[in-house]
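Encoded as structure tokens, here's the structure I'll be asking about.
Think of it as A, B, C and D in the order they're written, each chain with its own count starting at 1.
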Amino acid sequence: MEHAVQAAVSILFDGIAYSMVLFVMAVGLSVTMGLMGVINLAHGAFAMAGGYLTVTFLGNLGLPFLPGLVLAVLAVGAASIPIEHTLYVRIYNRPHLDQVLLTIGVTLMAIAVATYAYGPSPLSIKLPAFLETQVGVFGRDFPAYRAFIIGVGVLAFLALWAGFERTMLGAKIRAAVDNRAMAEAAGVNTTRLFTLTFALGSALAALGGALAVDLVGLTPRFALQYLVLVLIVVSIGGFGTIMGAFAASLMIGVIDNAGRYLYPEGSAFFIYLVVILVLVVRPGGLFGRA
Amino acid sequence: MRKRSTSWIMPLALLAIGAGAPQAAADTVKVGVILPFSGMAADVAQSELRAMKLYYKLHKAELGGNDITLIERDSKEPSGATAQTLTRELVVQDKVDMLVGYQFSPDAIASAPFITQAKKLAILVNAQSSYIPKLSPYIVRLSASSWQITYPMGPYAVDKLGCKTAIVGYTDFAPGRDVAAAFKAGYEKAGGKLVDSIAMGGPAQVPDFTPYLQRIKDEKPNCVYIFTPAASFNAALARTWRDQKLAEAGIRFLGTGDVTQDSVLPQLGDNAIGWITGGHYTADLNTPENKKFVAAWYKEYGDKVKPDFFTVQGYDAMAAVFHVVKTLKGKIDADKAVAALKGWKVNSPRGPIMIDAETRDIIQNIYVQKVVKKGDSLGIEVIDTIPAVKDPCKELGVGNCGAGSPAKK
Amino acid sequence: MTAAAEPALLTTVDLSKNFGGLQVVRNVAFSLRRGARHALIGPNGAGKTTVVNLLTGALKPSGGSIYIAGLEATQLSEADRVERGLVRTFQINQLFRGLTVFENIALAVAQRRGVARALWRKSAACAEVTDEAMAIIGELHLDPVAFRRIRELPYGSQRLVEIAIALGLRPRILLMDEPAAGIPADERDLILGVVGRLDPDIAILIIEHDMDLVFRFAREITVLVNGAVLMQGTAAEVAGDPRVREVYLGSSKHG
Amino acid sequence: MAAPESTAAAARARSVADAFLRRRDDARLVEAGFWLVALAVPIALPEHAAFGGQVLIMMLFALSLDFVLGYAGVLTLGHAAYFGVGAYVSGLLSAKLGWHEPLSGLVAAGAVSAAFGALSGWLLLRYRDLTLLMLTLAVSTTLFELANTWSSLTGGYDGLMGIQIAPIFGVFEWDIAGVTGYGYVLAVLLLCFVALRRFTVSPFGQALRGIRENTLRMRAIGAPILGHLTLAYTIAAAVAGIAGGLFAQTNNFITMDVLSFERSAAVLTVLILGGTGRLYGALFGALVYMLAADWLAKLSPVYWEFGVGLLLVVIVLLCPDGLLGLYDRVRAAFGGRAR
């Protein structure tokens, strides 16, 4: 009995940590998809870029952990602006097929560049001492780094949620997600709004990528490995909703973790069956408009 | 036999050589090299090819008047189909004398029927599924088999490491399941108690090992034996191993040599110190042959990348090619070539190796390797040697090599 | 008139629609007989287009019923309603822009004639479809552009195709959502001429903004304000009603 | 108007329309050129026949995708599911059930794949956009993982061994150069092409174009969207299954790779490269893609991935109609008539 309780605590804790990485990575995509209607399969490439830049800043340049992390996130966010201006603006009003292809193309190029620059072998980072300790939760010890991830994830959620609900920018984004033409008519500069949102989404992806390095290691394949999971979160949560992305991340993260603990052999399909089930019942996602 | 009719260049060439010792017309042996130069194993393929070229450079003089040219082809993803098409093309179009390569097991498995049909010697540089040499009489393996590496570690774990209970964890695909079966067979035969066998996610999935290691921790075995495909997932595995504090829980880590592949070892970080793996080569092996090989490697390619077991597999494959060319004096015939390799012995950087005359598979030492700190970085200390291991799968007729074998004729 | 003896072609009873808490259409009731020329007017946001969507089945009503030729049709699919002769045109062009005018109309004709499922028959072998599509093209004087793609056509011609597709379905009831929307003044007569020449047996419900057009065309008018019927009557009655003048004309300045 | 006059006008209209339809639908002489060249390959370059056969299989696979994507506008990221089902059906028939006759094996591959396509299509095609994209991806990934997990049957990653295909019609033996295989694949490709060609010029083919161009309007004219799409999807699944069957039969070997996401992405790339909605786009796309992959990989294999990525970006930005669309535009610019 006690064993079962302890196992349940582990599954929950690790599952939530995993969920938070998913959330941070996916929420940007959810918002950009809802706002601009772009299917951006290159989102994983931005996450990968965040991971590699963190490795560079921490490893090669020797920056401390937190400044290095923040710098990597800002760098990816800034770099995404010219990319949005040169590439993405051209596909906003194009068919989904074109969007899928262009962004797959960008992903493949990013993978090739990463392979060229960093090699195909997995890379890792060195965590600061305060994250190398353990924290106790309900009688079990957990790595402090995972608690840190949960903290970052929850903070990001609260900040985004408040920003969406309480600020002018958030109100504009919500308005544009609901009805772009109407928002434009009301004087919202959607072009600038798109760029800002895209940069924010890419920066968040980079944060997710950087956080994941220590959990799963970093190879150029990262851009594709996480993509499917992130897409799952976005489609299950529904586009353009912070709450949806958060709930879907928690659901997928915990279910996936529990499935792999309890029934490793079936873990591979389990998650896909959940996706098929949810989408067939609610095509717009749990929190989306049907 | 070289099939091309003597060209008009040949007499000229002879003239150019001059009136020196009257020797047989020099033959250039064409060797088709099929490796995945692009895709996820691109670095491995490159390392293997470099080793082949290094051997050629160091031993070229031994060829006498003959020469060897390599025709390199990219087998890309492990689908088997590309490698097979390349095999056919190299035979039909480029008229190669022999084939070398086959990184992934499916590449070799798919090509085997055509190797037989074309009557060409095929030297496996990797492709570790145990039964593969049974698929064609012209296949000779210079790498290792997954049973050869894993099976002896079972008794070793029981007898020398005191593993009364154990769990095997593996990447969930056919080669991983093969390793799990091999460990179970060796370990239980020696009287160990296998508590659980855990499929740790497929090769295409996000490598988050947390739930699996948590499950292992909760089951409290003495030891775990783990296989993940070389290079890809090991850093994450090491990190999670440390995070979940399995060593502190008194669980001993064992694994295949893939986990502690020399070229990737630095990425594991200190988390992997104390891990014990069974493998057929480490660059830190303390023998004169190996020291010479490693020095030559660094001299040729710089010291950024450490050679590893893949490298030495490429190196030894080229040694086998040389042996065939020298024995047959450049006139390659598949049956004679296989005959020349049967029972062939050589002192490789990985120690004494021999081709088993019966199975055409390699017989070699398996080293018990321990991850230790060497100066600033990690290294391997060989703590024991299990000498001259024959592939137990074919030897015992079990697993994939037994009655239910996919390779049954 | 014999039409009076037949049941009405289209009748709605207490038709209502809520989006969330918002009631966009409330208890709308009207009726079209054979040959009707009925206009549904009202200021922006009055719920006119929602009514059309309820009639075609694109939206499911929150309450009330729809009858086509006297038979309950509230739960029927869009396709079934088309089969019973209820056809619509769109305020914003909904055309097959990459296809030619001929192909646009032929799609509708093939669908009505039940050959749209023919897999192994060449389009060229469906002479009845070709003839009928060409006849409609002739009627609407689209001959010069018959084999041009929609996206290459001037807007006025596109508007005509919008109607032509509907005619390909041989409607008994035709819902026209602002047929002249967006057309420059000098081309309006073209559209109005076509609308005026339509088969007198078709019951037409026209949704319109433009009072000129409404009074030239409609014999009966329903005025919709805030989703509810403000009044119904002949053109003369509506034109003379002070409430309509105030509500409708007052706000149409912004339209 | 007098009746005879209007009859004459109708006849005139009919002849104009018929001329248009013939121009749109009838085969051109140039097309024969393509097939003659394809036929000449194994005679002129017998040593490339094995590779050529793989190219033809990719062409067939891309054709099937063109039918749903290019004509009906259904965007899928999981088309390999049907290729894989076909491959495993014909592979397992031979390897596990001892049924080695090739043509019946191919028919079985097509039939099972069609049945699976009908079922999954009927379930999935009621959704659109990202939901559909995710569902197609999820279905194909589930099959991929199933093939991996159930490796006692499928061979999984190591592959399904023991596929032996009897001589075609009991007469034509398979040769190592792959000439027989090439001829076999070419014949099947031609048959499927003719059938698909016929479907695309039928009223049904027009209806699919209508759905692609404007689903809302198609619904408003009373067309059964789900029914049309499911039928198209079933046909495409059958053709993809046949392509998979050919793949298994000509290679005598398959791994779970036949179901991979990479394969779905590759066929999408092929189709876009050639141009969608024109059948020959699929054929040319496959040819150019496979040759470029082969050639680039020989030159510098490591950069192949970058090259494909760049290619996709350039095509989407500069020539969204693919290579054949580009050809049309160039011809139009030089005074020729575009299709």
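Going forward, contacts are C-beta pairs under 8 Å (C-beta built on N, C-alpha and C of every residue); 3 or more make two chains touch, one makes a residue touch a chain.
Please read these numbers as outputs of a predicted model, since none were measured by experiment.
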Chains in simultaneous contact with chain C and chain D: none
Mean-CA-position distance for chain C and chain A (Å): 47
Centre-to-centre distance between chain D and chain B (centres being mean Cα positions), rounded to whole Å: 38
Where chain B and chain C are represented by their mean Cα positions, the distance between them in whole Å: 74
Distance between chain centroids, defined by C-alpha means - chain A, chain B (Å): 38
Residues of chain D whose C-beta touches two or more other chains: 145, 148-149, 261, 302, 305
Touching two or more other chains - residue numbers and ranges from chain A: 115, 265, 268
Chains touching one another, given as label pairs in label order: A-B, A-D, B-D, C-D
Chain D to chain A touching residues, read off their complex: 69, 75, 77, 123, 126-127, 129-131, 133-135, 137-139, 141-142, 145-146, 148-149, 261, 265, 268-269, 272, 276, 302-303, 305-306, 308-313, 315-317, 320
Interfacial residue positions of chain C with respect to chain D in the complex: 56, 58, 78-83, 87-88, 90, 94-100, 102-103, 106-108, 110-112, 115-124, 126-127, 129-131, 133-135, 137-138, 143, 146-147, 165, 168-169
Touching residues on chain B, where the partner in the complex is chain D: 37-38, 42, 73-74, 76-81, 84-85, 88-89, 91-93, 105-106, 109-110, 113-114, 117-118, 129, 135, 172-175, 177, 202-204, 406-407
Residues on chain B engaged by chain A in the complex (per definition of touch): 40, 42-43, 172, 198-202, 204-208, 210-212, 214-215, 218, 231-236, 239-240, 243-245, 263-264, 267, 269
Residues on chain D engaged by chain C in the complex (per definition of touch): 9-10, 13-14, 16-18, 20-22, 24-25, 198-199, 201-207, 209-210, 213-214, 216-224, 228, 231
